[in-house]
Structure formats: C-alpha cells, structure tokens
Amino acid sequence: MALKINAIENVANIARIDIGRTVRRGVPEIVYAEGKSSDDLIQICDRIVSRSGRAIVSRVNEEQLHKLNEHFKDYEVQRTPHAATVVITSADYKKVETGGRVGIITAGTVDLPVAEEAAIIADEMGCKAFLEVDAGVAGIHRLAEPLTRMVKNNVDCLIVVAGREGALPTVVAGLVDIPIIAVPSSSGYGYGGKGQAALMAMLQACSLGLSVVNIDSGIAAGVVAAQIANRVAKARSSG
Amino acid sequence: MALKINAIENVANIARIDIGRTVRRGVPEIVYAEGKSSDDLIQICDRIVSRSGRAIVSRVNEEQLHKLNEHFKDYEVQRTPHAATVVITSADYKKVETGGRVGIITAGTVDLPVAEEAAIIADEMGCKAFLEVDAGVAGIHRLAEPLTRMVKNNVDCLIVVAGREGALPTVVAGLVDIPIIAVPSSSGYGYGGKGQAALMAMLQACSLGLSVVNIDSGIAAGVVAAQIANRVAKARSSG
Amino acid sequence: MALKINAIENVANIARIDIGRTVRRGVPEIVYAEGKSSDDLIQICDRIVSRSGRAIVSRVNEEQLHKLNEHFKDYEVQRTPHAATVVITSADYKKVETGGRVGIITAGTVDLPVAEEAAIIADEMGCKAFLEVDAGVAGIHRLAEPLTRMVKNNVDCLIVVAGREGALPTVVAGLVDIPIIAVPSSSGYGYGGKGQAALMAMLQACSLGLSVVNIDSGIAAGVVAAQIANRVAKARSSG
Amino acid sequence: MALKINAIENVANIARIDIGRTVRRGVPEIVYAEGKSSDDLIQICDRIVSRSGRAIVSRVNEEQLHKLNEHFKDYEVQRTPHAATVVITSADYKKVETGGRVGIITAGTVDLPVAEEAAIIADEMGCKAFLEVDAGVAGIHRLAEPLTRMVKNNVDCLIVVAGREGALPTVVAGLVDIPIIAVPSSSGYGYGGKGQAALMAMLQACSLGLSVVNIDSGIAAGVVAAQIANRVAKARSSG
Amino acid sequence: MALKINAIENVANIARIDIGRTVRRGVPEIVYAEGKSSDDLIQICDRIVSRSGRAIVSRVNEEQLHKLNEHFKDYEVQRTPHAATVVITSADYKKVETGGRVGIITAGTVDLPVAEEAAIIADEMGCKAFLEVDAGVAGIHRLAEPLTRMVKNNVDCLIVVAGREGALPTVVAGLVDIPIIAVPSSSGYGYGGKGQAALMAMLQACSLGLSVVNIDSGIAAGVVAAQIANRVAKARSSG
Amino acid sequence: MALKINAIENVANIARIDIGRTVRRGVPEIVYAEGKSSDDLIQICDRIVSRSGRAIVSRVNEEQLHKLNEHFKDYEVQRTPHAATVVITSADYKKVETGGRVGIITAGTVDLPVAEEAAIIADEMGCKAFLEVDAGVAGIHRLAEPLTRMVKNNVDCLIVVAGREGALPTVVAGLVDIPIIAVPSSSGYGYGGKGQAALMAMLQACSLGLSVVNIDSGIAAGVVAAQIANRVAKARSSG
Amino acid sequence: MALKINAIENVANIARIDIGRTVRRGVPEIVYAEGKSSDDLIQICDRIVSRSGRAIVSRVNEEQLHKLNEHFKDYEVQRTPHAATVVITSADYKKVETGGRVGIITAGTVDLPVAEEAAIIADEMGCKAFLEVDAGVAGIHRLAEPLTRMVKNNVDCLIVVAGREGALPTVVAGLVDIPIIAVPSSSGYGYGGKGQAALMAMLQACSLGLSVVNIDSGIAAGVVAAQIANRVAKARSSG
Amino acid sequence: MALKINAIENVANIARIDIGRTVRRGVPEIVYAEGKSSDDLIQICDRIVSRSGRAIVSRVNEEQLHKLNEHFKDYEVQRTPHAATVVITSADYKKVETGGRVGIITAGTVDLPVAEEAAIIADEMGCKAFLEVDAGVAGIHRLAEPLTRMVKNNVDCLIVVAGREGALPTVVAGLVDIPIIAVPSSSGYGYGGKGQAALMAMLQACSLGLSVVNIDSGIAAGVVAAQIANRVAKARSSG
C-alpha cells in the first residue's frame, strides 16, 4: 500500500511501474469488450497478457470470442457460461490463493450472469467463491438453507444479487453480520424494471450493514468483496 | 349495483339521488381538508352531515379542528391520534356493521398515520379493522407473530404499509393467500426517499397476490380493502 | 391458510412440501420465458408439470413455443392468441372450478395481450373470466353496454386495462362498487407513453375503490383478482 | 396583424410603439408578482397603467396588495377571490367587448384559483367567461348538466382544469366538438401529485381536439382561449 | 353539437348512430397502424370505409401499405411522402371544404413527417393547409419570410413544429396574434433529446397565446387546429 | 453468527432474546429522531437503554435534545457538534474496543455532519475512527497529505464523503487498495444538486473497489465500515 | 500556468504556496455562505483576506452580512443589490485590470441576481463587465438594441441568462460570433420550472457556439467568461 | 461581426447574403446525416459545396458514405476513422489557418469518436488540434504527462471528454487556468449510464473555469472551442 500512495508523490514513468506492481497484487485490469472492435480488443489483451500473464475480458460477444480463441491459441482461454467473461492465461501464469472467502447469493436464476461475473473476479483475485442461486424473498423459507451454508462456509463478505423489488439484501442483512455488497440486477419490467427499483430499494434498505454497486455490476461487486475478503484473509494469516 | 349503473342511463337530478343512495351503501364521501379554508370546510361538512348523518374529513389541521369542534358542538366529533382524520356524526347516526374483516400491518412506527387513516375508513365502511405496527423485514422473525394473529383473525383483506425499500408486502404475500393492498409510505430519505422506492418495489413485487395504491394513501387502501371485505362478508351472510 | 403460515415456523424440507400443497390450492407457479434459453425453459417446465400436472409459461417466443410443443408432445400445449401465454397440462390434470367470477375490460384493442394474460391466469386459478374489449373513455357512451354486462354477470372483481392517459379505471370505479384492479398498459407515445402516464393517473385516481399493478402486468392483475374472487366464492359456498 | 409582423422589419423605438398598439388589441401585459418587491411592482404597474389605462398583476400577496391599494388609491383595484389576481384600472379606462365566449370547467373545487385566473384574463381580453366548478369524472353523470349549459351558451373555446389523474379533458373532448384547452392543476398527492400525472394524461389523451398548457397556468389558458374566441367573434361580426 | 351532447343522455345503439353522424362532421376516426397486424388493419379499415367512405391510417409500414393497396384496389389509396399516413377513399366520397385555413411551420427539415401528419389531417377535416419548412431560430431572420406568407394567407390557426430546444413557437407567438399549437418533435440528442426539451420549453414559453400537444403528435395538432379553423370559418360564413 | 441464523429456525420470544444478544455484539439499534414526538422518543430510548445500557439517536432537534437531557439527567448524554447525533449511556455501560480501524475523508467542510455521523457509529461499534476534512478534487494535491495519514494509520476501511460531482471516491480508490464506502452528500445546487449527481457518479466510478450507500447516510456508511473493520480486527486477533 | 502544473509534481506545503500565487492571478477563492454559521464564515474570510487582501462571499444572508460588516469594520465591505454577493477588501488591496471584456444579457428582470453574480466575479477577475437586462425572446425585436451595444463594446465573451424555456442563448448565438456561456435560471413554474427546461433547451441549442453552466450559477459563468476574456486580453496586449 | 448584427436590422434576401459571408468566416454549416436519405443528403451537400467549396457531414453510415463517394468522385472526400464525420472539398478549396490552438483530452479510449468529432471541427475552423486519449482519473498520475504536453503546446482552449462519472474535467480544471469545455460521453452503464451521470457531475463541478455541452456532442464542443481559440489568435495577431 505504501508503494501505491507513492504514485501521487512521484509521478511520471517510475510511478507507473510502481503502480503496475501494486495493481498486480490488488485489482486486476478488466477489459470491457462491449463496443470494441475485435482488433482493438486483441491488441489491448496482448499488452496485458504480456505484462501480467493474464487478461480478464467482460461482456465478450461470439465474434470477439472466436477471434480471441484464434489469436490466443497458445494460451488458455476460459469463458464463463452465463456472464460471457473470458480469462486468458499464459502457460506459466500462477494465480495466488489469498485465503479470502466470498459468498454470492442470487434472488432468481435470471441473476446468474451478474453472479458469475462477480464470482470469476473474486476467484481471479485469489478468493474462494461460493455461489447460491434462486433464494428469493417471495417464499422467505427458501432462503434459510443457502444462507446457513454461507455461514458454515465462513465467508468474509457476501454479495447479494436481486432484480425486481430488490428486497433480498435487506432480508439477508437482517439475519447475518457479514458485510454485504448488494447488486441490483436489471431483471424487472414496467415502472422501475431496468434495475432502478432494486437500486432504490437497496439504497433505502432498513437493515444496516450493506452497501451497493451499480445495476448489473458483477465486476464492481466482485472486486470490492474480494478486497474485503483479502484484507480479512491477510489479517488471519498475519494475525 | 343495478341502481348505480343506471346513473349513466338517467342523468340529471334523479340520478344524483340514486347515486346518493348507492354511495351511502358503498363508499362514503371523504373531504380532504388540506388547503381548504375553515369556512369552506364547514360548509361542505354541513351539507354532507345533513344528507347522511356523518362526515369524514382527512388531514385536518389544528385551526380547522378547532372550528369544526365549535361548529359541530351538538354532534360527535372524533379525531384519530396520528392521522388527523375527523369523523363527525349526528346523534341519530348508526353505522351498519357489515361483517367484513380488514387487517393492517405496518413495517415501522412511522407508518402509523397511514395505517390509522386506512383503519378509520375501513371501520366507517362497516368493517372490523385489526392493526399490527412495526413488523418490518430488517428482522424477518419479527413478522411471524403479528402475521399469525392476522391469519387467526381470519381477515378478508390485508393492508401492508411500508416506507424505505417497501419490502414487507412482498414478504407477506409470499406467506399468506389473503389479497394484499400494499401502501408505500413516504418515510425514507435520500434517493427514492419520498415513497418512490417503496412504490417501485411494490409494483415490482415478485410475490403475486398484491396490488398497490398511491404513496401515503391510507384512504385509498382503506376503501378498496373494505370493498373486498364487504363483498366477502356479503357472500358469507347470503351464501 | 393455516398450513401456509406454518412455513415461517417450520422451515427446511418439510415446510417446502407444505408450501407446495398450499401453492397448488392458491397461486400457481408462472414461468417468465423472456430471456430464458429453450433448454432451461423445458427443464423448469418438466419439473413443474411432473409436480403439479400443469405449467403456465408467459411471454413465449416462436422458437420456445416450437421446442415446448416438441418436448411436450404427449401433453396438451395451449397458447393464447395475443398474449403468447402457454399452458401445458398432462392428460390427467383436472382444473378445479372455484366459482369465482372475474371481469376484464380494456380501453382499446391494443390492450388485448394484457387482458388475455389476466384472463388465462384467472381461468387457471379456477375462476370464470369475462372479457370486454375497447370500451375507452374518448366516447364515454361506449362504456355503458359492456359495463352493464359485467354487472349482470355479477363479477366479484373487475380488472380494467388502459394505456395512454389511463382514465378508464377512474370512470368505471365511479360507476360500480365492484373492487377494481387497474392495469396500465404501455400503449402510448411521446411523454409518458410507455405506461407511465397511465400508471400515474391510476395511482392519482379520484374515484376510490381501485388499486393498481405494474405496467402491462396481466399476470399480477389476474392473480390478485382471482384471489379476491375465490375468497368471495368460498364465502358464498360456505356461507 | 400586419402591424405586428412589421416589428421584425422595423426594429428600434418606432417598432416598439407599433407593438404596443398591437398588444393593446391582442394580449395584455401581465405582471407576475411572485418574488418581486412591492416597490418594483408599483414601478412596473405605474408604467403600464400610464401607457394603457390598465395593469393586470397575478399571484399578489397580502403585503403587495396593501401597497398597491395604497399607491393606486385614485384607481380601481380589483382582486379575484381565489386566484389573487389584481386588475388596476384608471377612471377613464374602457374595456372593449369582443363578443368572444370562453367556457371554463373544473374537475374539483380545489381547481378554482386556476379557473379564476383564466376567467379574469379572458374577461380582460374582452370575452364573456362562463365558469362551472366541480364537474369531475369520479361520478361521470355530474358532468352532463354543466356541459349542457356550456353547449347552450355557445362557447367558442372550452378550458378544462383538472388535477390528480387529469381525466376530465379527455372525457369532455369525447362529447363536444368545441376546441379544448386542458390545464393540469397541481392538486394531487404522492407519485405524480404536483400536476405531472394530470399533465402526462392530458398529453396522452385518446380524445382528439384538445391541447395543453403548463401546470396551474390559468393565464396561458386564458390568453389562448380568448385569442381563439376573439378570432371566432371577429369572423362572426365581419362574416 | 346538440346531437353530440345527446350521446350522454341516450346511450346504446341509437346514440352510436348519432355520434357517428357528429363525428363525420367533426373529427374523423384515425387508425394507428403501428403494432397492428395487416389483417386486423384491413378489417378495421373496411368497416370505417363502408360507414363513411373514407379511412385515415397513420404510421403505416411497407408491408401494411402493400396489403392495403391490394385489398383496396378499387379505392383510391393515397400515402403522404414522409409521414406514412394513408387515406383510403371510395369513388363516391366527397370531402367537404369548410373554408378553414391552417398554417404549419417547422423549425427543421427533420420535422417534416410531423408537419405532414398535421397537414393531411387538417386537409381531411376540410381545411386548406399551408406548409413552410425549416424556419428555425438559429438564424432568426430565416423566419421573417415564411411568417409573412402565413399572415398574408390569413391562417386561422398556426401549428409550429420544433425539436431540439423547441424555441420556435415562443418566437412566433411573440410576433403574431394567431392562436398557436406547438408540437415538440423528437429530433434531438443527448439530455432531453427525445422531445422532452422541446416539450418542456413549449410549456414554459414566455410568449402567451400558445398551447401544446404531445411529442411528434401531428395528428393531435392537426385535429385541434382544424377544429379552431373550422369554427372560425363557420362564423365567417354565417356571420 | 450461528445464533443469528437460528433466528429463522426458531421464531417467537426466544429467538428475540437471541437476536438481542447478537445485536449487542454487532449492529446497535439507532433511533431516527426526525418526525418523532419527544415523548415517543424518550419512551423508545428508555427501553433501549434499560436493555443495553446505551441508546444512539440520530437527527435530534433542539427541543428533543432538551427533553432527552432532562429525562436522562442521571445518564451521560453526549451530542456530536455537527451531526446532532446523541449517545445516551448508563453509568455502568462499557464500550468494547474491537481493534477495528475506520478512516473517513470528506471532500468539503460542508460534508462534516455526514462524516461525524459515520464516525460516532464506527466509534460506538468499537472501532477507532480517523477523520480528515476538506480534501476535495478541485485541487488534487490537497489530497496527498490526508490520504498518506490514512495509509499510515493502517485503516481497515475508508469512508469517503463527497457532494457536488462526487469525484473524490473515484480518485481515492485509484490510489489505495483499502475497501472504500462512498457516501454522496446533498451539498450541491441546480441540476442534480441534492446528492443525485454525487450518487450517480459514485455508482459509475471507473475505479474498482468501492461501494455506495444512500445520500447523506453517515449511519449506513459507519455501520458497514465498522462491520468490515471489526471482521478484519477479529481475524487479526485470532489469526 | 507553468507554476500551476507543477502542483501535481510537487505536492505538500510548497506547492500550496505556488498554487496560491497562481490562484491570485487566475480564479479567486469564492466562499459559499449558505448553510455556514457566521462564526465559521468570518474565520474563513479572515484567513483569505489576510492572505490575498480580498474575500468574495456569495449568497450572504442578513445576519451574516451584519456580522461581516461588524467584524470587517476596518475593511471595505461591498454588497451587490440583488445577488447578495459580498466583496471584502483591505485598504491596500489593488485589483489588477486585465483588459478583458465580458458582456451579460438577461432574458428577464427576474434573472438579475444571477447576472449580478456573474458580473461581480468578472469584475473581480479584472474584466470590464457590461450588463443588459430583460432582452427576452417573447418580443424578438427587444433584443436588437442591447445586442448591438454588446457588439459595439467589443466584448470577448457573452454570458446569456434565461429561465422559463431558455431560448435566448440560441437566438443570440445565431446572430453573433462571440463565444457564449448560457446560464439557465430557475425562474419558471410547473413542469420543468426550476431551471430544467432552460438547462435542457440550452444543451439542445441548434445554434453552435455556446456552452452551458449549471442552473443559477452566475459564479461558474463569471469565472469561465473572465478566463476567456482574460486570455484574449493577454493575447491582445502581448500580440 | 458588424455585418452579422445587421441581419436583424435588414431582413430578407440581402441579409441572407451578409449572413452567408459571416458564416463562412465563423461557424461552418454541419449536416447531420442520421435519419436523412442518401438522396436528400447529396442534394444538401451539393448546395453547400457549390456555395462554399466544402461540406462537413457528421454521423455518416456506410451506405451514405458509399453514395457520397460516388457522387463527389471529382472532390476530395475524407472520413474520420471513429467519428464517421466526412469532409467534402472541391479542388480549389483552401482552408484558412487561424492560428488558434485547441487541445482535446479523453478519459477513455471509448470517448475517441466524440474527441475526433471535436478535433475535425476545430481543424476545419482553422485551428490546430492536439489530441490526448485515455487520461482518466482512476489512476490520477496517468494525467500528468498528457496535461503537461497540453500546457507546453499552449492551447487556447481545452476540451475534456469523459463518460461514466465524468470526473476528469473537474480534476483538470483544478490544475490549469485554460478555459475548459467539458463533454459528457454516453459510455457508462446502469443508473446514469447514458451520459447523465457525467453531465450532472460536470455541471456540479467544484472546480471553476469549465462549461459544458450536451452528451456526446463533439461538434458543439469543437465549435465553441474553436471560436474561443480563434478569438485569442486574432487578438494575438492584431495585438
């Protein structure tokens, strides 16, 4: 962390190298593929992979995936089933396990792409990610079992994804004392249906102990949850 | 009901009398005091009391209450403690008990004015009203006891009032099969805090079996709940 | 209802079976097809059909319909003409008639998909559904005839669908004392044209005795109307 | 009108005098008192009265009214009861009757200030104004009588003021072929309650033959209605 | 007009015929083609043409136009070049000239579809329509010439169409005393670019003497302008 | 935590006692004074103080403060200078130090009430709170010194409060790898000036590693930051 | 400017002094008085006056003005008549004339506070400010004279303030080639009346050559206009 | 400039020629291709090219580009790589270098189309344009180098393009005293993601010395920046 803050004090080239090192230890660079040409995307990924051995690309479409597979045929190219996030790694890349533990619960199956996005990021940041799907509040009893598993798995941070009225984070936050990152998903309809109802509800949550990221942002949730979990893990190991 | 529909066919004075009769059997006239001068208010109440023996006035301020008490000193003038709704009745007015049963649950104590408004209306429409306060979702277990009482009281319709994230109606609707009228209250803060978050959330509710009235509208909720309860009660008695 | 409330008291596996039973008697599970892959959809329907003999699927597209027909070729697969709602039933499935009576009126022909969605749900919940189309307020006299039929059919609850300025529920609520569920439809244009004008207008309705569901939500309207009608019917039969 | 268009061609002082003459025959200057100091207000009124023999001032508060009465003690100072619009006229001022006929209908008594504002403007522009209050749509039959009177009075233009869901202009436009100016009033509550619901609804109106002015703008409605009526009246007299 | 008001008093079949007659003299039925199947469209047009000798259909797409041409091959089927409005007339249909005069000015060429929609409606309602395109406020001098022609043509009502910041109606209303119908068009971009900026600006207009219809609604503007013009024309001829 | 999750499994009285115990170890009850009568406020505080030895009350006005001081004259009643948060403690109440470390940075001096609210909550939850005021982005160099102190103080979580354009959390998150809770404050003006601009900006933040609470919610930020810090502290001590 | 950019490279105390010097040559510190206690305000002004010989304070209320006059009785304390902006200067303070020329035009008299705020800032930044009031677009000919004066005064930048529909900047930008800073003022009513209509309209402006600041922000407009004018003046003098 | 103002005084044909001459010296006509047919586009370009030797067309699609290339095969037709802006010039067209200097900085690579649009306009208005891409605030040190280059290049005006939270203009304005035109880009997601967050943030900017144009409007930014730079350049050369 000390290195990182130096970045303000020492600008220019040297600071950049320092920052680069810090970044590899903290938050990885994540390339947002939407709207980028395949050529631009490959060029950016090339630079990142050559520098750090790994590139993470989110929201990849079929054509982009095809081109990435073709270009990085000597690398491992993995794609999540629902979120269309791609991780490209060189043969010698080694992910460092941090010991952090991140839980992810979704209100519905429709929230799976967001949850997967969060899970892959937490995983790439060295955490172990636990995922429970479709634990919504319409039948509150459905929640008991997955939540109990989260508690037993001793997660350090809990991401809760919900669309529609976004009530799940409130209910969960009222039951556990794990820090909660609430993610509104855009799975609704009509008035407030593109995630605004869920976002508003999460910001208004009566239960204390939760904070919120933007609509559908599995990446923002994954990074902040992994940061929290990694900090706890570091304290555990160095305690 | 047959009479009522005649109102379209036979306009003018006679229709008015017919409507008047229907109205006395159905929804009472409710005077909204906010923004009215005390003189206007008294004049309107006078006409309604003389016609039906009872006037219901909502959102009455101190000055208006004083003037109403003065003017209607030969009548009974009752005021609800939180909602500032006033019911003026002549000595010979007799409320008809319908046998309808309306339940009202609030998420917080701050929702009490809205709940009281609904309760007094349901009561004036002949129903028995059951009220449970502060059963919010932040600690979901707080809900079990009041909800059990509602089920035991065999209410025909359940009004659920909630501000902030407005999650209580969704949770309740997932647990009981009683028709639910959800009322968003304006008890929030910041983004969506004037009832919009709660309104949006209730309209987006994953649980089926609930419908919504406008923000803080205890009156709209009370009338529709009483209509449902009275219809069930009528079926019960004539079944 | 007693069973249902037990769900809070007795969580875990057993409660789920109890809830399952209650649900079959109350609100059926409705699968929202939009955004789901045909494979996922079939898998979900398989599970529901095997458990309850019937699956209801809303917003089905052509490809999904084709796959469902193929997969459920030994079942009855019915599709509504405008709403694209599909009901899959096994040979031995028997819908229970409740005696509930639900009326549905639309302001325009463009509101037919929403009305059909409501009608099929009310029907599947055991009610008899009565539908009147294009009774809008631009020529108020057009309303008299269909409304008279609704009164004669003695409906227990009345769903009123309207887009644009959404004035029909207000006008209807001023003429009858049947509980009204107002549904704003997204059939408008320009400022407020995606259903917001209609939604706002219905929430602001001067007429008392109506409550509102979200834009285009025939399903939410159908369920709550059927719940009301079934409650009245139960009271009638057991009165 | 020819003079008026000259204003573009001949700018500077002379054009101003021309415009002034046109304006006296067309739309009078109306001073908006809100936020102005009494001194500023008197100064502006002085100039207008000296030029045209009459000043119209809208939204006058008690202190301003007192000061205006004091200052213009040798003039006639008239104030409308609800709208707080003041008309100051010199002894020799003579209003010209145009023969135009403007009708004004309100949905509720709460819309009276807006209606009065429109009426006084139409009157000052030389029209005869007809006012009918509280003809709302909640009981559609209440509308027949006042509307019949409007038709009998042969009004050239009809201003319809409504708050809440703003449905009255739609209903009226479906029944008569008089051009309608719809005015949303801010008399509502909760979602859309400051006139937005009414504004949206009026812009979405299914009935053709109506146009809209801004929320609570009795002045804008009065001017445009008087312009229409005066144009018809001029055609009548010169036909 | 007397006939029309009867519609409230005499409902049912006879009233409908009366209304029908009134409608032919006043506002024609206009079919909104968007979202309708070609079959439905043809069926509706058939009924209207057989009843009145003419059908007006707005927002017709290529496929619908083809089908209409095919089906009404024994009728005249005319389509406006930009607005895609279609008028179908039988051989013996005779449009009645009313003597009304409607002017239409647009701020840009992009507003032409809206202007054409208004023009064809005014024309079908018996008026003579005058159209001036691209007289925007960015160079205020561009306005002088077309406005002068409007004044010379002695139009009874002036429709002003503008997108982006919607300033043209304000400027025009400050220069002439013709009643103005302002139409915001959706020709903008970024913040407020779908017509909201123009709508808001027109409702806020400092110039008095204008009223507004919904975004892109050439039809609403055309009908209300023609109603005004026809009323003036009638006064002229019967004066 | 195990106890807490039991709350779902074992409802009713016993669960409440369990929850009560968990709550004392986790998130304290915080009473929102705004809108409550002094009597109600005292009654609620009495109950909480008697149960836990301490009551935290936010947004206390002068009258309420006076009454609280009077009623709790045998207790310690402390009030924060800007936030008007009051902590009432009995003589024998002992706050448990957790070892958690929470940093709070504000963009301006105007954000001090929000920062104080967060600080007192973190403090009452057993953390050590570090506060730096007026480190805004308009002069980015102003940020270096306070941020360096935060890093040296080794805070476990960093709350960043900013109004207007809300850019500070983004800039800070780009410089350190501490989890950040961003709090938009309502200190702005004009378009987006009540905290919406800051809220939107924080949700859109390019920097990863931050999550957001509602506008002005020092309490929500304080609780979630303390939860994170306490979790890290617990790991440190038990590592 | 070179000094200023050093601020990034050399943080801490020394940079601050450098920045301070730059600031005195560029943008002065402006204290926003609203919401600040008189004590805080005096303390902040003391520090600024002692450092630079002058303090500018905006939105000063009566009590604050009284206290400032009292405290700074040995200084010159000047207050603008409408904007309530105060400038405190020591006896030896000398404002440097830059030669920059800033013009300010308002649409109405109600925009005067905003215009004054801009004028005083431009003046304090060394420019000569020219002010023309009430040149609105409702009568476009009113604009010719003041605009001609602006051109004759050879202003380097033109601030145009307008509320309501905010059309004046568009019209002005179409007539001159001076860079224009448009300021929406909150002088409107109803839909979009708090400056949103004007803001939207200005951002949508068809005329090129204008940019916009936030609603009512005379200060932001004054600073940017003075920066432009000072840059032109510097080029003039060093050309 | 004197000529330009004449346009108000002398309307009609002669004024147009004057304006035309002024326009060629100031802001060029820019054709917005979106939504125009290729035929219309060619016709408009033909007229402009024949009058001024050059046509600038923005937002050109592939088909339009093909047709333009075909039609103007005897002209030079240049297209920017990302912004799809096309400049058509005749062989004898000579762009006049003004000596103005415009800098453009973007927060991300995704903002390149907007930046290119601004650059080509500044270039066509005779300025030298300097472009720096991807200098965002997430790592504030990335900004130092490009900003230093801008200062060294002595730009007269600085355009700063940013999407998401739009913080870059605030940070830049705090570091340099060059007038800044901030352009919000629509490169975001979720709440406020279509440029509203960036627009709001820029209007709320704490740093003084910046003004704003509409979302994605490279053209508006380019024109106003070039106007400022040209004015400075003119002062430089004539100083």
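Which chain is which? They are A, B, C, D, E, F, G and H, in the order written, and residues in each are numbered from 1.
We take it that contacts are C-beta pairs under 8 Å (C-beta built on N, C-alpha and C of every residue); 3 or more make two chains touch, one makes a residue touch a chain.
Fair warning: this is a prediction, and the values are worked out from it, not measured in the lab.
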- Query: Where are there more C-beta contacts: A-F or E-G?
  - Reply: A-F
- Note on the structure: Turning subunit A onto subunit H by a C-alpha fit takes a rotation, in degrees to the nearest 5, of 90
- Averaged-CA centre spacing for the pair subunit F and subunit C, given as whole angstrom: 45
- Query: Where the centres are mean C-alpha positions, what is the separation of subunit G from subunit H, in Å?
  - Reply: 25
- Whole-Å distance, C-alpha centre of subunit E to that of subunit H, is 38
- Multi-chain contacts in subunit H: which residues touch at least two other chains? 7-9, 11, 139-140, 144, 175, 189-191, 193, 196, 199, 203-205, 214-215
- Task: Provide the residue numbers of subunit D that touch subunit E in the complex, in ascending order.
- Result: 1-2, 4-5, 7-9, 22, 25-27, 30, 143-144, 147-148, 151, 156-157, 175-181, 199, 203-205, 208-215, 219-221, 223-224, 227-228, 231-233, 235-239
- Message: Can you tell me which positions in subunit G touch subunit F when the two form their complex?
- Response: 7-8, 11-12, 15-16, 19, 35, 40, 184, 186, 195-196, 199, 214-217
- Message: For the complex, give me every residue of subunit C touching subunit D.
- Response: 107-108, 136-140, 164-167, 170-171, 173-175, 188-193, 196-198, 200-207
- Quick one: which bits of subunit E touch subunit H in the complex? Just the residue numbers, please. 109-110, 139-142, 144-145, 187, 189-191, 193
